Amino acid sequence: MMRTFAILGVALLSASAPAPYMAGSVTGTITFTGTPPKMKPIDMAKEPSCAKQHATPIETENVVTGPNNALQYVVIYVSAGDQGSETPATPVHLDQKGCQYIPHVVVMHTAQSLEIANNDQTSHNIHPLPTKNPEWNKSQPPGSPPIVTKYENADFIPVKCNVHPWMHGYHIVLATSHFGVSGNDGTYTISGLPPGKYTLTAWHEKFGTMTQDVTVGAQPAKADFQFKATPY
Amino acid sequence: MLLTTGILGAILTANLATGNGAYRAYAASLNATAHKTKTIPAFARKYGLRCSACHTAWPELNAFGQAFRDNGYQLGNERDSPIFQNPTYLPIALRITPQFHEESTTNQVVDAVPGDSSIKVQRRLTTHGVDLSGMDFWTAGTLYKDISFVLLFSSDNLASFHFESAFIRFDNLAGSPWLNAKVGKFELDNLISEKRFLFLSNNGGLYQSYHFAPIGDNNGFGIGDNQLGVELAGHNVGSYTRYTASILSSSDGQPGLVTGNSYDGFFTFSQAFQVPSLGVERIGAYYYLGQMPTVYRTSGGAPIAGSGVDNKTFYRVGLAGDLYAGPIEVLPFYMHARDDPFLGTSTPGNQALPAGARGPQWNAEFVETHEYVNARFVLTQRAEFVRMAQQAIPGTPTNVGDIDAYSLGLRWMPFMFSRAGLALHSEYSLVRTVGGAPLSGDGVGTPPLTPTTNVWSSSLLFAFDFAF
Amino acid sequence: MRLFLIALVVAATTVQAQPSILGGTREDFRRYCAGCHGNAGDAQGENADWVDPKPRDFTLATFKCRSTPSGTLPTDDDLFHTIKRGLVNSNMPSWKPLPDETVMNLVAYIKTFSPRWKTEKAGTPIPVPPEIPVTADDILAGRALFQKMECWKCHGPEGRGNGPSASTLTDSKDQPIKPFNFAASSRFKCGTTNQDLYKIFLTGLDGTPMPSFADNFKGDDAWHLVHFLRTLQQAESPEKVVWTEWLSTHQGQLKPIGPEGQ
């Protein structure tokens, strides 16, 4: 009798457990077909303090590829099916080092705090070019505290430094906290997703967007994206 | 301009022949609608502004356009020097007006039987058809920062050209907008510009006040005629306060030093101010003091051009305004004028005046109104009166030479653009002259047989006025 | 026939719309502004292609000359003064002769082109403290800031707009743009006074590479820089007088501005 009750109790408990206890995830690999453009080495002669930080010149980062046709810096996010999300309290960090934005693409939630640090010996100006948020432009001399800012609206924002014209990056502002960015091996993970059907959108700064539907269950779901690369 | 040359021709002929210079209407070959371009699409092309930025309805200037002009045709943004333009930019514009018009004048003296000049009668003469206006070929702009120029090469409808305006201007001397100097042939600084007004017909395309001389007077001067001289002008930034002081050769603008050695003076002042919910209001005053030679030396009986002596004086003085009530503009004008008795009776200075001769005096006024329905459509009206206050010869009826002039018109511009302009122009003008030929007219103008007869002259005009 | 034609002309001239329909701010915008800024305020006027720098695109609500921080909307006063003053080194004229009321109505009309004006309020104007007296030390401090803040990288060591980064500058619409050349003009983009210059680098010229230095200046720094910048101009100024005098007695003591000065 006690055993029946115990089994029933456990069954009841597990049946009424709230969904997050059973949160799933999506992983995948982003690759490309075709021929991507060649990245060019950056001449930093106009900024010797940065040039000397790189033994060999770094390359532009519009299209960064990895082994086995992997595509880096693709942002994959839930574009439909999300139950809503809260703005995380922790800030997102962006660094300027060696006259480069690190990371090249930084992703945040709407209204999430973004801290931009300047760890170079030269001034930079941070000049985002949003379409859904106000445009601003601030100077940041070396040694000054990080610039703390946020964006209220979802947006895909190119960012540049006017003093150093080779510096390009992206601030990606999403209305969801369920996103991932592909690494140099092309893989990404989005975790903390309740089970259900979702639409994922993958965005690359040059090759556009692709969407895919995915169902999240107990096991990690898989969603790969393959972009068509063009040389120019 | 055709009126200028015609009237000067009349002056010279009158002076030299000591005859009656009363015939004001010009010869048939000068039959044309008055063309007084002061619109310059070349400016619109240079600065990328629509015509309507500077003009209420081209060619009339608004307050912004007036400030641009006063600044030496410069916007003042360090982009005015020609080096900032594409080298192929030429500051050239042209304007001409193909039209249909009808002219009709009463009480014209004609032979009762054509070909037989023994009996004369008075008849109404009417003519109409498709015609051309004169043409204006304009170039104006900057030679350098704060050095500007204008050249207006103007023709009648038979392509007989003359220089209507040609001057160089030094702007913002000593860095101050209060000092600008202009040398050459130019329009006098009349607050209400006849060159930039909205009328084109034979009878309506001039201000009677700006060209009137009493019957029997051989002074060909008109305040609307472009003059040769030097003008010192000044204005504050934005041109709400303006003054000019000019010294002009006493030649009524005819080049070649063909009159004498005398000079005239012209002084103007105007002040503009904003009235809330009405707009910018401007009022001004002017004074012209001039002289004309009345005797030319002769050689073998033939007069020597440029040798004019025995100068006699005249003056023109008055007030003018440019008032706005939103989209309605009112332009009032008043003039009081006097010519010397020698001029008034066409008597050379070395002869005796007729008994009791006095200097003729007259008053002239007009009120003109515009309604700007929008930036491309304007309605215009004018009523003008010239009234003799004192006749030169005692006993002449007081109203001989009086003029009433009325005009109604509209201009519609199908596009308002920055490269070129087109206006569809309709106008009806009616002029009554007592005892004289109409000042303008269809070229057939003759004085009536009796000095107190009213001569009515009307113009009806449908025109395509374009400028590039 | 004549009577008919006359009647036609008279009828045409008596078609008089009521004053409330005549004119209007939309008409004023088309009359004065739309040739460059476009009927829709999107900088697609027929002359926009031929104008450099390009006309302001009102649909983005990004403006150069403000008294408010970078990224915020300007005040109505900012827009009013920009229209009345014009923008030097551009095709934007000074519309000073227009009636004040017309310009205020145009400001309100311009705000209808962007939805931002409905959701955001204008920024708070930055405080402009009283100007400090001009002294040699103050100008030297400004010179040091010009070096340290790396203004010379765009504006050049003498402020002639020929710094190392000058040739690659682009504005927010990717159009090439030149940094301000202090030596060529006695005016600034957003005015003529020291206060105007103060505001320029504390608010930045939004839409251009010129950033805001609001986070980087403390105390009287900004006035020091303003006074130093005046010495770079050609026109005579009290700052130039003080500076020329100091230079004459301190020959060769200054380190040059630029990479060597770091």
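As written, the chain order gives the labels A, B and C, with residue 1 at the start of each chain.
To be clear about the criterion, a contact is a pair of C-beta atoms (placed from the backbone, for glycine too) under 8 Å apart; a residue touches a chain by one contact, two chains touch by 3 or more.
Keep in mind that what you see is a predicted model, and the values were worked out from it rather than measured.
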Taking the mean of all protein C-alpha atoms as the centre, the chain whose own C-alpha mean lies closest is C
Of all chain pairs, which one counts the most C-beta contacts? B-C
Using Cα averages as centroids, what's the distance between subunit B and subunit C in whole Å? 42
Chain centre separation in whole Å, for subunit C relative to subunit A (CA means): 36
Between subunit A and subunit B, centroid-to-centroid distance (C-alpha), Å: 74
Which stretch or stretches of subunit C touch subunit B in the complex? 2, 5-6, 8-10, 12-13, 15-17, 19, 22-23, 27, 30-32, 34-36, 46-48, 50-51, 86-102, 184-185, 187
Inside the complex, what are the residues of subunit A that reach subunit C? 46, 48, 122-123, 125-127, 129, 134-141, 144-145, 147, 162-165
Subunit C-facing residues of subunit B, complex: 44, 47-50, 52-53, 62-64, 66-68, 75-79, 102, 104, 237-240, 274, 276-277, 279-280, 325-328, 371-375, 379-381, 408-410, 416-418, 426-428, 460
Give the list of subunit C residues in touch with subunit A in this complex. 60-62, 70-73, 116, 120, 148-150, 153-154, 164-165, 168-170, 172, 204-216, 259
